[in-house]
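Several structures are given next for inspection.
Shared between the two complexes below is chain A, which pairs with chain B and chain C, respectively.
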Partner chain A sequence: MRAAINQKLIEMGERERLKELLRAKLIECGWRDQLKALCKEVIKEKGIENVTVEDLVAGVTPKGRALVPDSVKKELLQRIRAFLSQHST
Partner chain B sequence: MLALNTLKLDQWKRLCPRLTCRLSPFTRSGGACSVVSSGNSRRARCEAEDGVSTQIAGLEAKSCICHLCGAHLNRLHSCLHCVFFGCFSKKHIHEHAKSKRHNLAIDLLYGGIYCFVCQDYIYDKDMEQIAKEEQRKAWKLQGIGEKYSMWEPTKRELELLRHNPKRRKITANCTIGLRGLINLGNTCFMNCIVQALTHTPLLRDFFLSDRHKCEMQSNSCLVCEMSQLFQEFYSGHRSPHIPFRLLHLVWTHARHLAGYEQQDAHEFLIAALDVLHRHCKDDNGKKANNPNHCSCIIDQIFTGGLQSDVTCQVCHGVSTTIDPFWDISLDLPGSSTPFWPLSPGSDGSVVNGDGHPSGATTLTDCLRRFTRPEHLGSSAKIKCSGCHSYQESTKQLTMKRLPIVACFHLKRFEHSAKLRRKITTYVSFPLELDMTPFMASSKESRMNGQYLQPVDSLNNDNKYSLFAVVNHQGTLESGHYTTFIRQHKDQWFKCDDAIITKASIKDVLDSEGYLLFYHKQFLEYE
Partner chain C sequence: MKMEDVSLSSMDNSKMEGFAQDILSDLVEDACLGLCFEVHRAVKQGYFFLDDTDQESMKDFEIVDQPGVDIFGQVYNQWKNKECVCPNCSRSIAASRFAPHLEKCLGMGRNSSRIASRRIASGNNTNKSESDQEDNDDVNDNDWSYGAEKKAKKRKSDKVFLHSLKQPVPLNPNSPRRSKSMKHKND
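This part shows the complex of A and B:
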């Protein structure tokens, strides 16, 4: 069911719009800056010569997910629901 | 069939600096390969249909999935040696790499190239160039247009940075850019405007990055003096600055402001912008004298377009003109011109625009009044080109094009034939302002001055933030100007000639307000 929803989102170009909305909201609320700070910590820990992208992903993802404000999640969900109800087959 | 993208084969061999990994030669002919396009997952480029985004979207929806598990998320990667999509998080692409010995894959979301031997992403200048280009094309196709890309220093800039190791760090609470100005004898009308201008972000950036190349022979270029002023303000010196050179240049170029009497700050603002605009060069190297074709920094930041529509009441033909403006002068209630058009048979009492009992007048009320259709009356008939005769008409002003910095001038000083006085009516103004209801494009959505469309949270074009407020205390004969400026978000300071003090948002919003400076919240590339 997830795959079908996703397919519809991509086909109608809505996924790209949602991504843009999410991007703007996350920058606005300062989430991106918080993540930047988290990444800097990981780099300091591992040393800039040795750190890999995997280190960053592993080190930052759980905290990053938790830091997303509920208001942003709510808004995105509302958008998706509205879209699906408009375009249900 | 998927089209082949030309990759630089010999580059692949030098791609992994850490280990000497032998890459199997990437076959140029035959075989298909997925096209690089970082930043979005619209990868498949159909050779048959050119540039049709729905075709591509459909293809992407069905084919951009992991070949092993069908997932579309989980950091999908594409093998660079054959046609295989695999997710990274579930290690499906890793399995493929190991079993087929295909050691290079590309991240379909960001275009990064992963080497399974080095076990990390690797960076190749040429690939990044290609990725950037493809990304730009993809955004254009989707109608997103240009996006902001971070500044990267050139070789020369890196050199300069190395040779000049001193750095100034801007923290959340720093007071850089704050500096008092000595009053040289009733010059607070000039000081208050200088404070507003030196805290206009785009103007500050222009001058601090040394963008003014002076062509004037004499020493009397006001733009050069402005540049010096910015250097003084951002030098970190805390003692008040003495702007005697600026004052002298203003007297030279704007004679009507010379003398030690108190002048009007708004007049000074317009005069200063005018002189700066004249002394600037535009991009074509010509003197910036034509207000319609200028691209000097002053015009780029401050100039907007005001649309005037005159509608003939007989044939309903509309005659439209657009004039440039640097500021919007707004009438206030309590002046000799009625604030709201009186309804027929009323007793002449002034009512708030939307019919509510009058509370405080707001900036929005003033803007609504400014942009309302106005009946020009039988004594002011306009020649209608449709009717070929003089007819009664209505006139309406709306914003055609908004400037990056919008300056609102509340007309507090009345100089009519009968009286000269200051209107001290409190006008409340917001920290954030949406100019959408006053745009020319919003005219149809308005009825009786009320904007009917719901606010579109995605359209950020018309949203503004307050960053400076000039206030006048006192009477018409003797008064004093001060400025509130925004140093950081939610941090305001009061500039009273040489004295700078911290101010609260409440102080700012409770003040009377004479000149209000708003800055566009979101800047787009053309």
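This part shows the complex of A and C:
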């Protein structure tokens, strides 16, 4: 049943819109720049030639999740909840 | 394919909240991955570190905030009272008068050609312009002020009026415009 809602989310384009909204908010609040700085550290550690996507993902994603500001999370959760309640039947 | 027909309203709120959190967490992970891919490509293509400058060069170009000086640190009215030597007549001219003087001196620029053609025309009529050449040069240096221009303009309009009284100017059969259309017709 979750799968059905997920499917709706994608089919109606709402997931794309949510993605874009999240991206815009994260850039605005400086999250993107913070993470880029973290990436720089990983790169300096591993060396430019040898750094892989996995290195970056492993090094950066956990902190990235923690760094998302609460206001952004709230706003997105609101939209998601609204969608869920609208399309729950 | 028949799916379970359980509606969300029967799902309690905490589950729905959990679901929403999961969706959010997926979205955030997508954003992180997207960033990692962008950064990785930038690193491998060599443009990731392009906008970094070292501290020294940053200090060289810092914005200056002192009085009497512009934001680049240059004094901006330094050249007001300097004098330049004209390469043509070797006179020493003030900097602010230098450009108009050069115009007259070299015989180029709009004003000097107008003045020259006016002199030629009045030379044909009155025959006294030769001796006054040098004095005219200095007088015309002040052409840029409003009063002198008024006098000059007035004289010109008088001449145009005189021309129109004499006789109508016939269409020159050799003027470029005319000949162009004629050429096309004959082809």
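To be clear about the criterion, the second predicted complex is superposed on the first by the 87 of 89 C-alpha atoms of A that agree within 3 Å, B and C clash if a C-alpha of one lies under 4 Å from a C-alpha of the other, contacts with A are read in each partner's own complex, and residues count from 1 in each chain.
Heads up, the rule we're going with is that a contact is a pair of C-beta atoms (placed from the backbone, for glycine too) under 8 Å apart; a residue touches a chain by one contact, two chains touch by 3 or more.
Keep in mind that what you see is a predicted model, and the values were worked out from it rather than measured.
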Given the touch rule stated above, what does A:L77 touch, chain B (first), chain C (second), both, or neither? second
Is it chain B or chain C that touches the larger share of residues in chain A? C
First (chain B), second (chain C), both or neither: which does A:L18 touch? second
Classify the contacts of A:T52 with the two partner chains as first (chain B alone), second (chain C alone), both, or neither. both
Looking at A:Q7, would you say it contacts chain B, chain C, both, or neither? Reply first, second, both or neither. first
Determine, under the contact definition given at the top, whether A:K36 touches first (chain B), second (chain C), both, or neither. second
Quick check on the output: what are the common chain A residues between the chain B footprint and the chain C footprint? 3, 6, 19, 52-53
The chain A residues in contact with chain C across the complex are 1-6, 9, 15, 18-19, 22-23, 26, 32, 35-36, 39, 43, 48, 51-53, 56-57, 60-61, 64-65, 68, 73, 76-77, 80-81, 84-85, 88-89
Which part of chain B faces chain A closely enough to touch in the complex? 40, 53-54, 57-58, 60-62, 65, 70, 72, 112, 119-121, 142, 144, 458, 460
Contacts from chain C onto chain A in the complex sit at residues 3-4, 6-9, 11, 16-17, 19-21, 23-25, 27-37, 39-40, 43, 48
Listed in rising order, the residues of chain A that touch chain B in the complex are 3, 6-8, 10-13, 16, 19-21, 24, 52-54
